[in-house]
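Scrolling down, you'll hit the structures one after another.
Below, chain A partners chain B and then partners chain C, in two separate complexes.
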Partner chain A sequence: MQNLSIKTCEISKSFEGLTALDNISLQVPAGSVFGLIGPNGAGKTTLMKILMDIIRPDRGWVELLGQSNRQRSRIKEKVGYVPDVPGMYANFKCEEMFRLGSKLNHHWDWERCQELSKIFEVPKNSRIHTLSRGMKVRISLLMALSIRPQLLLLDEPTAGLDPIFRREFLQIVMDEAAGSGTTVFYSTHNLSDLERTADTIACLNQGRLLFQRSLDEIKESIHRVQFVAEEDQRTVLNLPGILDYQKSGRIHIITVEGRWAEVEAALDRCRPIYRERLNLSLEDAFISLIKKDTGDTLTLDAHGEGIEEAAQ
Partner chain B sequence: MWFDIEPGSSIPIYLQLVNKIREAVARGILEPGDRMPTVRALASQLTTNPNTVAKAYQRLEQEGVIITLGSKGSFISGNWPGHSDEQGRRVIADLLDKLLVEAFHRGVNEEEFRELVEERLQNWEKERGSG
Partner chain C sequence: MNSAYYYRGLLWKELRYNARLFGLAFILISWQNLFFPVIRGLLREGVTFAEWYTTLLYMMNPHAFSSSFMVQIGIIISIAMGVLILNHERSGSLEYLLSTPVHRKEIIVSKFISGSLALAGIMFINALVVVLVLAAGPVVLVSKTMVIGWFFSMTVAWICLFTLGLAASTLCRNFAAAGLTALFIFALPGMITQFACQAATHFFDASGKLALTIHNSMGRMDVWSMVTMKAPQKVDSVDATSPFSIGTMSSGIGTETPNYFVINNDIVFYLVGLTVLTVIFLVAAVWFFERNPLERKGDWLMFGHFKHVAIIIIAFLMAWSLGLEYAGSLLSFAAYFVLFFVLIYLMFIILSRLFGFFRLREWMGK
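On to the complex of A and B.
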C-alpha cells in the first residue's frame, strides 16, 4: 500500500449549526506536493486546523505520518506549520523567536535556521511587530523548515505577497520537497502557483470534497473546444461530460470532461464544419468544475429543457 | 536549461518537459552523452514539483531518449533507431493525415501543402547542420 502522510477519514465539523466540513476523506501520499483549493469559506483553514489538532472534528479521525490523534504530540514535532496568520510574539526579537522554537522542538536544526536567515535576510535583532507581512511569512516558513519537517502544512502562505517573494517562497518549498522528500500540503487561491508546483489537487466546495485528483489527470481529462456544427444546440448540449457551455453567434464553446479521443468522437457526431481546441488553464478548469457543482451551469434534463436559458 | 515551462498550458508540465527534451535531441541541441540536470536541480530551476520532473525523466527513459546510470546521473542515450519500422511510419502517416484535415479547413491546397513540407524539411536540415 502507498505510504500516506495525511489520511483523514470522514471528518465533519460544524460551528453553531453551520457545517464547515462535511465528511472529508483525504489521502495525501508521502512525498507529494498537494494543493488544497476552494472558494472562500469552503473549509480549507478549518481542515488545516483539524490536521494540526488546533480544533477537534465532530466526527471522523485523522492520521498524520501514519499515527492517529492520540500519539499526535510526538508526530507534531515532525510537522512544519505555517498558519494563515503567523502566530508569533509581537514583542520578541527574531532571534528570540528562533530560540523559543529550538526549545519547543527536539528536531530544531540551527544550521538550517542560519542558512535560511541568510537567504531571507532576516533582521535578527528587530522585533516581530516592526516587520512587514512578507518578512513575518518568511520567518514563519523559516521556523517551520528549521525543524527538518517530514510534512509541511501551509495555509495560504503566499496570499498578499509580491510576485518576486512568491516565487522565492515556492522555490524554497520545492527545494525542500526535492531535497528532503518532505510532503507539502498547502492551500491557496493562487492557481497559477499550484499549476506550477502541485502534483495532486483537492478541491473543497461548501465544506464538501469536490474532487481529489492528480494535476496531470485534470489537464488530460478536461478540454475546451470551440466549434461550428451542423447539428443544433440540443445535440451539442447532450454531449457526454459537458461542464460548461457558451455560445457566441454560431460558435459553440464547450468545456467537457473525458478522454480526448472520446470527446473528439462525440464531437464528430455533431458534424462540425470548423473546430479548434482552446487552451484551458487550471483556473478555467476549476471554475467550470465549481460552477457545475454549484449548479450555476445549465443542467439538462432528458427533454433538453433549459436550452433557451443557456443561449442568452 | 534553455527552456521554460508554461504552467497555464493545457499540456501537463511533465509532457511539456518530455516534448522540449525530445525536440532538443532531434535538433541536435542535446547530444548523446550529454548529462541531464538532476531532478532536484531542474525542479528548483523551473520552480516546479520534483515529482513532475521525475515523471518526465521516467517517460524519456522508457522511450530510450535518456539513460540513467545509477548515481552518475542521467544522460542522453544516443540509442535512437537508425532506421524506421512499420509502426513508426504509421504514426507519422497518422500525424500527416491530421495535418491534411487542418490544411483543408484553412484553405491550404495540395500544391501549397507540398511546398510547405519541402520548405520545412530544408529548414530543418539547415538548422541541424549549423547546430
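On to the complex of A and C.
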C-alpha cells in the first residue's frame, strides 16, 4: 500500500452560503512534490488552512503523515507551513520569532536555523513590521525548515518575490525534498515553476477538484493541434474531448483531451489537408481545462451559432 | 510532549509580547494610588504625605470602592486587556500559532494565565505600596487582614473582568464589537436587578422594604456589585427608597477601625461568585475559540459588525426603559418591550441606511 503524506476525504467548506470547497478528496504520496493550481478564489488557501487545522471543514476529514490533523495528535510538530501572507508578531525581532519557534516545537534545529539565516541574510535584530514581504516569506520558510519537517505546505510562497530569490527559494525547497525525503505540497500561480519541480498536480476550480494527475499524464493526455480541414467548423467542434477552439482564417487550432492515437483518428474524420501538433505548455493545458470547466468552450447549436464568437 | 512544554512557550510569548500592554495597565490602574501623588510630589504641586495617606485609607474602605478611580478605571482596563490580548492576534499571528502543534485551548488558557499573572502583579505592587505608606502614616489604622482582603478581592475582580473581555473577544470579529459585548454582559445582571426592583414597585405595588429585599437578594448576582464589593443595604435602613444608598452604615474612616471582612459580610460570597464567573467565562472563551479561532466569516461571528451590535444594544436599553415607563403590568411590559425594541431597531437601521445614502450622494456629487 502506498505511503501517503496527505489524505483528505470528501472535504467541504462554505462561508456564509458560499461554497469554498466541495467534496475534495486528495492523496499525496510521501516524498513527492505536489502542486496545487487553480484560479483566484478556487479554494487553494482554504484547503491549505484546512490541512493545517487552522480552519475546520464542514464535512470530511484530513490525515497528515498517517494521523488525524486534529489537535490531540500534535502531528504538526512534523509539518512546516508557509502561508500566503506570513503572519508573525509585528513587534517581535526576527530573533525573538526564532526563539518562539524553538519554544513551540521541540524538533527545532538551531543549527539549521543559523545556516538558513546566513543564506537568507536575515536581519536578526530588525522588528518584523519593518521587513518587506519577501523577507517575511524568507523568515517563514526558514522557520518551517528549522523544524526539519516531514511535510512542507507552501501556500503561494513565491508570489511577489523577485526572480532570483524565487529560484533560490525553490532550490532550497527541492534540496530539502531530495535530501530529507520531505513531502512538498504547494499551491502556486506560477506554472513554469511547477513544471520544473512537481511530480503530481491537482487543479481546483470553484471549490471542486478538476483533476489530480502526474505531470507526465497531463502532457500525454492534452494536445494542441492546428490544421486545415475540408470539413466545416461544426464537425471540428463536435470532436470528442475538445477543450478549446480557435480559428484563424482557414486554420483551426484545437486543444483536446485524450490519447494521441484517438485524437488522430478523430481528426481524420475532418479530412485534414494539413495538420501540425503544437507544443503545449502546462499553462496552456491549465487554461484549457479551466475554460472547459467554466463552460467557456463553445458547443454548436442547431444553426451553428457561437462559432464566430469562438473564432474571435 | 506534554502540555507543560507548550504552555511554557506560550507564556513566554504572551508575557514578552504583551509587556507594553501590561505596563500601560499598571500605570492606569495604579495612577491614583502610586503615580499621581509621586508625580505631584516631584513637581512640588503640594500633595502631602498626609493627603496620600488619607487617600489610600479611604480607598481601603469597601464603601468607597464603587466610586474610587481605581475601581472605575480597573473595570475598563481589565475588560480592554482581555479583548486586546486576543484581538491583536487577528492581524495574522494567530495563523502562525494555529500552525504550530499547540492546542487551541492552550492558546486561550495561556492568555488567561498571563493576563491573570499581570493583574495579580499589578495589585501586589499596589498592595505593597499601600502597606508601606499606611505603615509610615501617623496612626496605624489598617490591619493586615484588611489589606490582604483588599488585594484578593480586587485581583479576583480584575481577573473575572479580564476573562469576560477574553470570552467576548473570541465571539466577536473586532475590538469595538468585543468591548461593547463585554460591557453589555457586565451590565446585564444589574439591569435585570433594577428591572426586578422596579417591577416589584411598578407592577405589583410592593412595599419599599420588599423591593429592597428583592434588590439585596438579586443584587448579589450583579457583577457590578461583586466587582465593587458593594455591601447589601440594610433592610431596616431609614432610607429605603434609594437602593444604592449606604444608609446608616459607618464609612469606616475616623474613630472606628475599618475591617474589610466585618463590614462587608458578602465578601466570601463575592469572591466565590467572581471565581465561578471567571471559570464560566474561561470555559466559554475556550469553547468559542475551539470552534472559531480565525474565520472571518464563520458561523459563530454573530456579532460581526460593530454598528449592528451598537444598534441592538441601544435598542435593547431604550426599549427596556420605555417599557418600564409605559407598562402597567408584566404582560404589557413584555409587549411594550418587544414593540419598542423592533421600532427602535428599525428606526436606527433606516437612519443608518439614509446616512449611508446621503454620504453616497455627497461622494457622487464630488
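Everything that follows uses one rule, which is that the second predicted complex is superposed on the first by the 294 of 312 C-alpha atoms of A that agree within 3 Å, B and C clash if a C-alpha of one lies under 4 Å from a C-alpha of the other, contacts with A are read in each partner's own complex, and residues count from 1 in each chain.
Definition applied: a residue touches a chain if its C-beta (ideal position, glycine included) is under 8 Å from a C-beta of that chain, and two chains touch if they have at least 3 such contacts.
Source: prediction; values computed, not measured.
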Partner chain(s) touched by A:N279 [first = chain B, second = chain C, both, neither]: first
Touched partner set for A:T8, first chain B, second chain C, both or neither: neither
First (chain B), second (chain C), both or neither touched by A:T255: neither
Partner chain(s) touched by A:N205 [first = chain B, second = chain C, both, neither]: neither
Which of chain B and chain C A:A178 touches, first, second, both or neither: first
Contacts of A:K103 with chain B and chain C, given as first, second, both or neither: second
Touching partner for A:S32 - first (chain B), second (chain C), both, neither: first
Touched partner set for A:T188, first chain B, second chain C, both or neither: neither
Residue ranges of chain A touching chain B (in the complex, touch as defined): 31-33, 167, 170-171, 174-175, 177-179, 192, 195-199, 215-216, 219-220, 223-224, 274, 277, 279-283
Residue ranges of chain B touching chain A (in the complex, touch as defined): 5, 7-15, 39-40, 43-44, 47-52, 55, 105
Parts of chain A lying in touch with chain C, wherever the complex brings them together: 15-16, 49, 52-56, 71-72, 74-77, 79, 81, 83, 85-92, 96, 99-101, 103-106
For the chain C and chain A complex, residues of the former touching the latter: 1, 5-6, 8-10, 12-13, 16-17, 91-104, 291, 293-295, 297-298
